[in-house]
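What follows is a pair of complexes built around chain A, which joins chain B in one and chain C in the other.
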Partner chain A sequence: MDSYNAPESTPRQNATSRLKDYFIGATPLQKRLESVRKQTSFVPTPPRRKLPQCSQLQEDVDPQKVAFLLHKQWTLYSLTPLYKFSYTNFKEYSKLLSAFIAAEKQKGLAVEVGDDFNIKVIFSTLLEMKGTQRDPEAFLVQILTKSQLPSEHREGKVLWTGWFCCIFGDSLLETVSEDFTCLPLFLANGAETNTAIIGTWFQKTFDCYFRPLAINAFNLSWLAAMWTACKMDRYMATTEFLWSVPCSPQSLDISYAIHPEDAKALWDSVHKTPGEVTQEEVDLFMDCLYSHFHRHFKIHLSATRLVRVSTSVASAHTDGKIKILCHKYLIGVLAYLTELAIFQIE
Partner chain B sequence: MSVLRPLDKLPGLNTATILLVGTDDVLLQQLAGSMLKEDCASELKVHLAKSLPLPSNVNRPRIDLIVFVVNLHSQHSLRNVEESLHHVDASFFLGKVSFLATGAGQESHCSVHRNTVVKLAHTYRSPLLFCDLEVEGFRTTMAQRLVRMLQICAGHVPGVSALNLLSLLRSTENPSLEDL
Partner chain C sequence: MAPERKVKNAQVQRRISQCSNSYQTRLSAWKVREDLNDSKSVPKHRKNSAVEDFEHGDNQVEDALQIAVRYFEKGPIKTSQRKDKTLEGHLKTVENVAWKNGLAPEGIDILLNVALSGRFGSAVNTRIFKCMIPATLISEDSVVKAVSWLCVGKCSGSTKVLFYRWLVAMFDFIDHKEQINLLYGFFFASLQDDALCPYVCHLLYLLTKKENVKPFRVRKLLDLQAKMGMQPHLQALLSLYKFFVPTLISVSLPVRKKIYFKNSENLWKTALLAMRQRNQGLAPEPLKLMLGNVCPVKRKWNSHSVIPVLNSCNYSKESGKKGMNLSDFFSSNGSFPLEQLKSFPQLLQNIHCLELPSQMGAVLNNSLLLHYINCVRDESVLLRLYHWLSQTLQEECIWYKVNNYEHGKEFTNFLDIVIRAECFLQEGFYSCEAFLYKSLPLWDGLCCRSQFLQLVSWIPFSSFSEVKPLLFDHLSRLFFTSTIYFKCSVLQCLKELLQNWLLWLSMDIHLKSVTNSPLETTLGGSMNSVSELIHYVGWLSTTAMRLESNSTFLLHFILDFYEKVCDTYINYNLPLVVLFPPGVFYPALLSLDPSILNQLCYILDRYRKNLTAAKENELVPKTKSEFSFSSKTYQEFNHYLTAMVGCLWTSKPFQKGLYIDAKALEKAAVAEYKNSLNLVHHPAFMSYTVSFLLQEWPEERTVNMSSIRGKKWNWYLDYLFSEGFQGLKLFIQSSIHHSSVP
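Up next, the complex of A and B:
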């Protein structure tokens, strides 16, 4: 059977090489179209790829600076590239965004830019939140309450925080032109109404699009395996999984908690190649958990849907909620999430 | 041995039998119902099985087409299909076996990667069909396709055999799969 394919493949190869020559001198838009076209004929995100171990992605992130990012629940969104965004115009963006928020809250009354409001918006850059030098700088948006008395220059309470970042976003960075800033991962903490207002302002100002980033069961099992593989000095939380069983009238939830050191021991016995994580190892790790559970409870967990994974490194929910607990592996966690966001954009 | 062989029984007169193998009873029943509603010159028989091997004490007609249904939401259905494949004779894979993957529409519920099923179908040199069996319209279309495939596999369509159909259905658009 296979020998019949040989004469067919040569004209196909000629066609693709001609296509490649055509695109060497192409504009960024044409390059983008070519990459999209390539994606549709090749299977996207092959699970046989090998990911670097979390420990290799440890950057020298200053724990003091990123302490405010940890132990908070972030809702994830994927964001298309921002058009004509500039890191130098932060003051202007702050003013415009404050006015917009006040206008939205007061619903239609005329508002002047620069007036005194109860809330204040601050834009700031987050240094060192990048994977490679090519990644654009991450930046942070915060909504704070302003203290009523001007004499007290105390920082108000933080009402809402959101930050944009891009970690190892090479596949996206190659395909966009100069005017666009690629920060595909957006994390928000705070009231949902504020997230919606901020999202609307960004969409109007920079012609981008937000979409909630859901993490499916397949990716959650990858996250579970990678986070269990991370070497930790001390374990702060038990490793916990949550499965949802679809049944009527209400779905059942099955929760499975393991001592983190046992989970690490299991992973070490499964893990073969140092520095890489393969699909087979992840499958074997999860299969061990499933068969153990089946032996005791006669329930096939593999027929249910994995909904939540919680380890000492971080915890993730399928609706796109994440809480990072360890500053050492922050970049690693964000790198995987950036990849998911880029995949969703494309 | 309880291995399914394609030619160990005589064919029934004007009868075509399909065997659907999968863990999701509800989906298989619905698909069977849709298939039986189709207009077909031959008499259709649909057999459902959770897994192979089939119990040997039952008198059943010759099976013309086996469709393995994998639900992308459940790893369990994939493992079940992988184990059932061991109980099928190699000569069945000359066009009389097909894989059907359901649930690809709801990406957020998927725990099996699409690539895994593609690779499985490629290993067994059999066609892979994608269909959301829960949606009525897609299910009806898929039922029509399966009835047509079944007629060819049972030999009721003059001039086309199961092997011809297999070589027609082999997709030529994924050159990278040859490297997998």
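Up next, the complex of A and C:
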């Protein structure tokens, strides 16, 4: 019966201060937890969203850089806030990163910073690529090969590109202190080994964390509805959906292509609130597609899994690959992806 | 990189040890299964029956399969027109059975013969190969026989390729490999064939043992490489050779190569997955598994371990040497490097200028830095840890991803480290709480159970009603649907949670008297939260007692919880006393287990002491707090106390508030029930009574329990106390006046 009266070990003083913080709800950490609680207890996505629109801010973005971002397949990652990142140190970052890449490629041999490697790393900002003025500036990292010949065009082809952005990231911005830079959405194009090396460098240098960002079927149907709703001057591609049927031995894919104008007409028939998209409308839109398909092929698409959506605005795959086609709605597409990324890091 | 190479080697090693150890053990397990099946099915079949029955009761399918296999065994009948149709029919039968249940070793033996003997065209052979999926195992003899067919030269090149691909895919399902290894030379000679070379390489890669590595083979491989160029499959084999006998091979091989072999098994991939599940006794639900959210699997960027290596900002030193001015963003001025931090006094001396790790996650492995984290005021340090930890937990969590269960060990280890840190700090991490919100609804209650429940017990103190829908509702769902052992572990974890919360709160109340903490206004709120937790556990316990039909085992865990609850006022100095629900009290009082009764007595005694102390404090006007217990609590306690004393001592049980029909008692043959629950007659103490009587009056021929009264009663009590019933002793000493000995 000794255990009955055993005194408890004395707790530390520190717990109390945290406790106080808890009741005041003041620390950034508390705010984070609060927002996670909210996220978890309610529907993960708001039941209504604004239709993507051509924003004023975006007009100022360097058109050349925008063109560079379009028509490429990007792999999406979510990224936690960067610690002590500074926009004024791009030069140093370039040097350090290229040294790091060289070291990684040369299997751990010591490399001196500032040596001449056959690769070149360029950091540059994507000016005005943001949703609100509060959003931090987006930036681009490129890895280029230097050609061996000492000609004028020393800069060879682009090996790898990645960019970091935050479009309407208010919910995240509120919960971090000023030591952090919030760029929750990271998009990479190039060999995954390179992404891994560069990602590792960022993780080591700015104590952040990359995670692949998958887009589940629920969010894909949102994307489909919102992109169909976009007004286009000229349609560049058909609207196409891809469903996957898990069956043995090989899984079966069902592709469903619709003329974009028909898709738009269908959307207009289910769309009621101007300027907004609601959950009911998205559901109705998809249900219409399902029932049409069922009438012809007697297949319930709702029982399968939506894996890819492509429209004239952009196309997205469930495994987190995206291609943006239309520069007019670039910001709108990125805003939704930022939202998904923020959801993932909470 | 050097560590990179190490990893590679480790992989090779694992590959080899897998071949020799783990697969063997697993196979032997299947073997038992197979034998069982054999013994069942032998009487049902004729002896030469080629196909074993794996689907008892479905005789039609099985017969069709037998006929089909026999058809193939005999070879095609030369009547052109009909042949095609029957052939097609039989092929279909075999394919259907194979994809559904797999084929028995005998069936595979026959089909392998058929496919390689060249009796049918290569289109048929291809189809046969594609459906040659074992139900359990493939016998080694079949493979050896098949290889002998290759020497006869009756099969086409494409069939040979298919055979090797099949062999590679099914390698783990072959019951023994000794004889196949004896054919190593034959396989090696087949490398000459350009079409076969990649597949033979893969087979050899799986088959190679140290003694197979010979100088002449190395020479041959290098010749081949000179002839064909740097082929990944050849490199793979060479690097394996180099691993076994490094002295033989001097050429340098690329270390970073990741994929040596094109996925030669993918023809059978889904079938193999299904088969593995079948053989491991998992529910055959491949469909469901594939429907789950398929996250893109990120190849580990930091290959060695989940937790980053402790590194003080590693670039600052390099840059310092080069004279670059980076100190703006790496504040390293006059700081104390982490690598030199070895002892606690060092930490104390340099705590103001400690250079923090570049990745905050590294602190988990370093107890000195955990001390630092513990007292640091810098919110960004905690935020960095928060982000890293919450992302890592989600990334590593094994039930987030399909077929990710092979990383189970890694995840368990990681959780252990996190929990160790929490215990060290005596404080839960917010990221763990956030992780629980997301992962608990998806948890099966089995995976990493011990770790997961420990995370629950470290949830930082917060408002219970706010956390309940996020955590405890999910937990109760699992609780009610799981085994008694799970229920007990949940109760245990909730006890620890309560203890942690009480400790935090008691510290804060202690501070309150010294400083004017802002908590003053919300103390009532926090007491509310704790009492809600206790009521929640009371509800769980009451229902669980019913579900588990008053299990003593479960009751022990429940009473353990209330041992914490009853002492909140005295032990933690918190103005809170919550009594247990009747659903716990009465089963404990009527329990057949003496230790339960003893524990109950102890708890009731502690309740009494706590309530008395509270009452005394209330009487002193100066210390009177705004928290006075409601009279309901005292009433409830008195009710329990009366019931206890009435049962155990005065033999007047349940006089108040409980009416039992006399007829019902008569029917149950317990008309004289009054003294049947006292200390002498209580079923839990019966054996003690008897041994007491036998010990004290060994000469008595009959055991007369009713004789224990008066003086004897006191001796009997002393006897019980000497048997270790300390709880009972405390209870009787405090709650019963000795004048009232019955």
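Going forward, the second predicted complex is superposed on the first by the 284 of 346 C-alpha atoms of A that agree within 3 Å, B and C clash if a C-alpha of one lies under 4 Å from a C-alpha of the other, contacts with A are read in each partner's own complex, and residues count from 1 in each chain.
To be clear about the criterion, contacts are C-beta pairs under 8 Å (C-beta built on N, C-alpha and C of every residue); 3 or more make two chains touch, one makes a residue touch a chain.
Here the structure is a predicted model, which is why all the values come from computation and not from measurement.
Participant: After the superposition on A, what does A:157 contact: first (chain B), second (chain C), both or neither?
Facilitator: Touch partners of A:157: none, neither chain B nor chain C.
Participant: Of the two partners chain B and chain C, indicate the one touching more residues belonging to chain A.
Facilitator: More residues of chain A are touched by C.
Participant: Applying the touch criterion given at the start, work out whether A:272 contacts chain B, chain C, both or neither, answering first, second, both or neither.
Facilitator: neither
Participant: Check whether A:318 is in contact with chain B, with chain C, with both or with neither, and answer first, second, both or neither.
Facilitator: A:318 contacts both chain B and chain C.
Participant: Could you tell me if A:134 is touching chain B, chain C, both of them or neither one (first, second, both, neither)?
Facilitator: Once the two structures are laid over each other on A, A:134 reaches no partner at all.
Participant: Counting only touches as set out at the top, which of chain B and chain C does A:305 meet: first, second, both, neither?
Facilitator: The answer is both, since A:305 touches chain B and chain C.
Participant: What is the contact status of A:216 with respect to chain B (first) and chain C (second): first, second, both, or neither?
Facilitator: Once the two structures are laid over each other on A, A:216 reaches both partners.
Participant: Looking at A:65, would you say it contacts chain B, chain C, both, or neither? Reply first, second, both or neither.
Facilitator: In the superposition, A:65 touches no partner, neither chain B nor chain C.
Participant: So which positions on chain A get touched by both chain B and chain C?
Facilitator: On chain A, the residues that contact chain B in one structure and chain C in the other are 1, 4, 8-9, 12, 41, 214, 216, 305, 318.
Participant: Quick one: which bits of chain C touch chain A in the complex? Just the residue numbers, please.
Facilitator: Per the stated touch rule, the residues are 1-5, 99, 255-256, 270-271, 274, 286-287, 290-291, 293-296, 298-299, 301-302, 308, 311, 314-315, 318-319, 322, 324, 326, 328-330, 358-360, 374-375, 379-380, 382-384, 386-388, 390-392, 394-395, 425-427, 430, 433-434, 437-438, 460-462, 466, 469-470, 499, 503-508, 511, 517-519, 522, 563, 571-572, 602, 724, 726-727.
Participant: Residue numbers of chain B touching chain A in their complex, please.
Facilitator: Against chain A, chain B makes touches at 23, 73-77, 79, 107-116, 118, 125, 167, 172-178, 180.
Participant: Touching chain C in the complex: which residues of chain A?
Facilitator: For this pair, the touching residues of chain A are 1, 4, 7-9, 11-16, 18-20, 22-24, 27-29, 32-33, 36-37, 40-41, 80-81, 83-86, 89, 92, 95-96, 99, 103-104, 107-108, 112-114, 176-177, 179-180, 192, 196, 199-200, 203-205, 207-212, 214, 216, 246-251, 305, 318-320, 345-346.
Participant: Help me check something: in the complex, which residues belonging to chain A touch chain B?
Facilitator: 1-2, 4-5, 8-9, 12, 41-43, 45-48, 214-218, 221, 279, 286, 290, 300, 302-306, 318
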